[in-house]
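Naming follows writing order (A, B, C, D and E), and every chain is counted from residue 1.
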């Protein structure tokens, strides 16, 4: 297992923050990350680099720690009482697990999209304007522009432009999810984390969201957790396979799906379990 | 879509309750079943035969009506307020949707295993003995025998035989699920309905439960809902593919997975959506 | 000590023309009162027995005399009332009492330097009531009544009182220790001898009325006003004080001097904080109003009116405060 | 090897189903019992009040004369009492709930406060009356004014408001908080902008229900000592006052003196019940309307 | 990423950055608010301390006049007069008997109501009945008091001639009716929180609803149900106006429920509204009784909490 990931990790250890193939910078560099929920050892010695302007997919069976890892990347995992971590995660070369690191700042740069669409019970407009507002942007004109730009960015502007004052919960699930993505875009993040963003959606909405992800890739680094291997194969550049809190295999997506190195990866992607 | 299922249905309509290939009897014969949850039309003109001593898998994306159909087979769906049905489901040639049909009697013959293991918060022993007890069996010796036999039948006897007095919730999820299966076996049902019985389980437990299902097939007719296509392929004899409340395709499992007739079936089993 | 101050100069002149006739007095008084519209509040607490009288009085005063003055009347009970009355700097203005002030209470007033004045406002008669169905005990002598309520008599059945009475248990009741009526009955009428065992002592008069109206063998004592309003539910015993049976009524209770209901009659009081009356013109004004109208209001609320001389005495005192 | 005797099972079936149906009827009767009592109670009260409720009764001052007596003073007393109770309990109750749900770490402090609140909820209201009498009326020298009564009532219903607000706050799905934190919002921003707005329906339901409890509560005010006759209409929280339940209480114990007082008491009960019914309806409407929004 | 910002007229990232620096108030608020809220939360603690302190200091004075032991074993309560006697037992029997009667009404009816609502009633019926129960719970106790006194007592007297016009039976029954909604709704909460999967599991085995209720739901919800009983008891102990009005104020030591009795709460009302002069034993007795009442209900509440925490079923 460690071959693939450790060979990749040599880059980061050597501080050469480039992807050998694409020349992309490293955004997140995870080193020896361990995480415990009380007694549960949920993440074990994770070593994983995340590259700029790529889609990194995280796959694995239920309970393997995918969501946990993702939530560690913006320290959201701290909301769970009794969580402990060790190791480092460097975001743009700063250790975010360091207590002196301001989470609010991190989360402003790192957007997150959740499994279940979770718009606020407010109007569509207020949903998008929420982020800018809490960061002190009050000018109505500016907000209007941000809202339009973000909704356009999430390719949902045309569907909602006439009903911006309506409650976001009046939209369909797929639209809600794109509202959530737009909400994320409103504060112009650097990275977007997505935790099974399509698993609660119907096939059509799934397709739309997948298309959107592909477009966003140009401007943002995206990390996506999915239980749908076809989806991972379709949209991601890199894939990491988690099992029982460990990274079993990490590689280019094409490579991992066509010639998995580890027997367990193979079993998983051929549907032997999960 | 209707070709496959209607050709099969000719048997039942002609009252020739035999599977052409295996000579097995028909247990359940569903004709023109429609079901509404209030305004939601959840099942549409379902026509489906279920054969004895076979495993019938029901697959389909989330929300397509798999669980609903399963719960209609033991009239559990009636617990939802505002449910209406039309059409007939004949179980052993009696229409169970008929109001005069006693549900308690039906459910005594048709066991059910749920997605999330749901043992009672009682001892393992009392869990298994629950069914026989409500049916009037009080003799301690007989109960002991039933408990042992059922636990053996669910291949969990060796794991729990020394802790029958412990609370069932002290077991692992996979063990709990097998306890639930054993609980079902204790009243010697004719049919066992299973709603994603392994989706909450880890790979190891999944394997054990799948093995168990394969063994149970000899004595019981099994209908299993699963979102895991590999699982359907591995363990079932027949497969029905549901979409939006309709049966899109129904055929021998091998046949359906290798040469799906319907484009939508193909899309689904190749992971194009869901 | 400060209570002695004489602010009388200020409020003087409003009227000095007191005459003996209260009735005509009221008429004459109205005009000057309207000239000097008073405001502020008058706080009264104390006996629940006196409450109906005082409430009526307060209401009339606010309605007819001084709309700007707020008179509030509580019914905490005589003792609790004194507790609120005897407060260092300004307790209640009046305390209604169904008994005279006790030595301890007077001592406390002394200690706090509170000057108070006692006014009799009306007369109440202890009425002994029975169930209307009870046709044997409609007339009893004083001693029979006492014996019924005394433990020492050993009476338990009506036939013990008089052999001609039915052989039924006597069900004795009355207001509980919270009430001045109890104290008067116990201290003055029964001369502090032990009451019969198992006597049913109640907090609320309504309960007593209900109890007597539902039990043929019941006998109870309470203030005349409660009987007066419930003549349909209970009937009163005519009591023979030696000169033949006397029925309780406003007239007989009012006859304090000679023949009458006298031994069972008691005055009810209100106590005025003189210091506060000097400070607050509305308090003094209300006090004068009360005495001037006491006779009328007493009759309306089930009390016997006081004699004219008593009223005049009080008025003289009050006018002296001006 | 069959242990289950199908014959036997089928024979048992009918008695079992019969028992079930019988039990269902019994349970139904039990559930209806409350309804019957309610009907009886309301019928009794209404029939006693017939002819006594009119605009004069509502708009007149108190009087010893039954024909002229009205409950305007008692109504205004109740209104003023609520002017004290509502802001104080909302401030204290919601503040406590936010602290417990959002800030307090699991542990000692939180357990102590939580246990304490459950215990306070069970303290009889007379005991609160004694607290109010000793602390607000006497020690703080407020006297038996609206402010003192209101503070006592506020403490009395505080636990109810805390618990209701806690539930409302807890019912705000975690994913909304996560979404807000995910945008880089701070904790207080999240509470202020997301949690509280989403919890407001639940909180208001709890507040209304607890206020209606305060409106009907009598014992603490009996203990504090409210003048039996107070005619002027209160116009500030520093005035003396009376409220409807006190009026009911006094009128009933005085019904021995004036029969019509019993009708006045019944009429006041009717008005009080109508007010409580309206408050309850509002609470239920709010609850139903906002129940499933996420 | 630099690229995409150039295309737009507005640069949110920069604006946020700028605001962050001028935003110190926010972090102060963030630090101060928890302490403010802690202060608010402390009010409830202060209230409890206030209650205990208020009651305790006067209770101590009381026990200097009346020995502790005499108070709690005395069967005679004659708070006034020259030979005043302070024994709390008459009040305790009044309290306990009225509570027992109330509980005997409220527990079976409340529990059956809860079962009906949670297991049998259709959604519509539940939607109809629950608010009615809530109305019943919201009726002021003074209204129940008059109901007991003017209706229930006369009604009972037509069956039980021996019943006194004021007695402990009638207010006990009415108190029971008053706390039915509490038992019903708390028990129903406990039962509804048993996951539906339990019900489904049992029903799928062919059990009737009755069997599901008694063999699965009740055992699983037992802690919540018992806790609701204990709370109901504590509520009955603390109830004041019903007994004040309908039970009279007889202070005899008796177990005869057809007679008038006084409860601790009614005694408190009587004494505060009556003769109590500060500094007298009578006045202190008020606090001693209130303290006893407080301890009683406190113990009940602690038991309820202990039960619901300790015996919470695992599922």
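Quick note on the criterion: contacts are C-beta pairs under 8 Å (C-beta built on N, C-alpha and C of every residue); 3 or more make two chains touch, one makes a residue touch a chain.
This is a predicted model, so every value here is computed, not measured.
Student: Where each step is a move between two chains that touch, what is the least number of such steps from subunit B to subunit C?
Tutor: Graph distance in the chain contact network comes out at 2.
Student: Where the contacts of subunit C and subunit D overlap, which chains show up?
Tutor: The shared contacts of subunit C and subunit D, listed by label, come to E.
Student: State the chain with the largest centre-to-centre distance from subunit B, centres being mean CA positions.
Tutor: Most distant chain from subunit B: C.
Student: In terms of CA centroid distance, which chain is the most far removed from subunit A?
Tutor: Following the centroid criterion, the farthest chain would be C.
Student: Can you identify which chains form the pair with the largest number of contacting C-beta pairs?
Tutor: D-E
Student: Once you find the CA centre of subunit A and the CA centre of subunit D, what distance in Å lies between them?
Tutor: Those two chain centres are 47 Å apart.
Student: Between subunit D and subunit E, what distance separates the C-alpha centroids? Give it in angstrom.
Tutor: It comes to 13 Å between the two C-alpha centres.
Student: Using the touch rule from the top of the page, what residues of subunit B touch 2 or more other chains?
Tutor: Correct list: 104-105, 108, 134-135, 187.
Student: Do you know which subunit E residues sit against two or more other chains?
Tutor: Residues 208, 211, 244-245, 273 of subunit E each touch two or more of the other chains.
Student: Could you say which residues in subunit C touch two or more other chains, in rising order?
Tutor: Only 75-76, 204, 210 qualify.
Student: Give the pairs of chains that touch; include all such pairs.
Tutor: After working through each pair, the chains in contact turn out to be A-B, A-D, A-E, B-D, B-E, C-D, C-E, D-E.
Student: Quick one: which bits of subunit E touch subunit A in the complex? Just the residue numbers, please.
Tutor: 1, 3-5, 8-13, 15-16, 19-20, 22-23
Student: So in the complex, which bits of subunit A are touching subunit E?
Tutor: Those residues of subunit A that touch subunit E are 52, 105, 108, 132, 135-137, 142, 145-146, 149, 186-188, 190, 219-220.
Student: Quick check on the complex: what are the subunit C residues that touch subunit E?
Tutor: Residues 75-80, 82-83, 176-178, 186, 192, 198, 200-204, 207, 210-211, 214-215 of subunit C touch subunit E in their complex.
Student: Would you tell me which residues of subunit E are touching subunit C in their complex?
Tutor: 78-82, 157, 164-166, 244-245, 248-252, 260, 270, 273-278
Student: Please name which positions on subunit B make contact with subunit A in the complex.
Tutor: Residues of subunit B touching subunit A: 61-63, 199-200, 202-203, 206-207, 228-231, 270-274.
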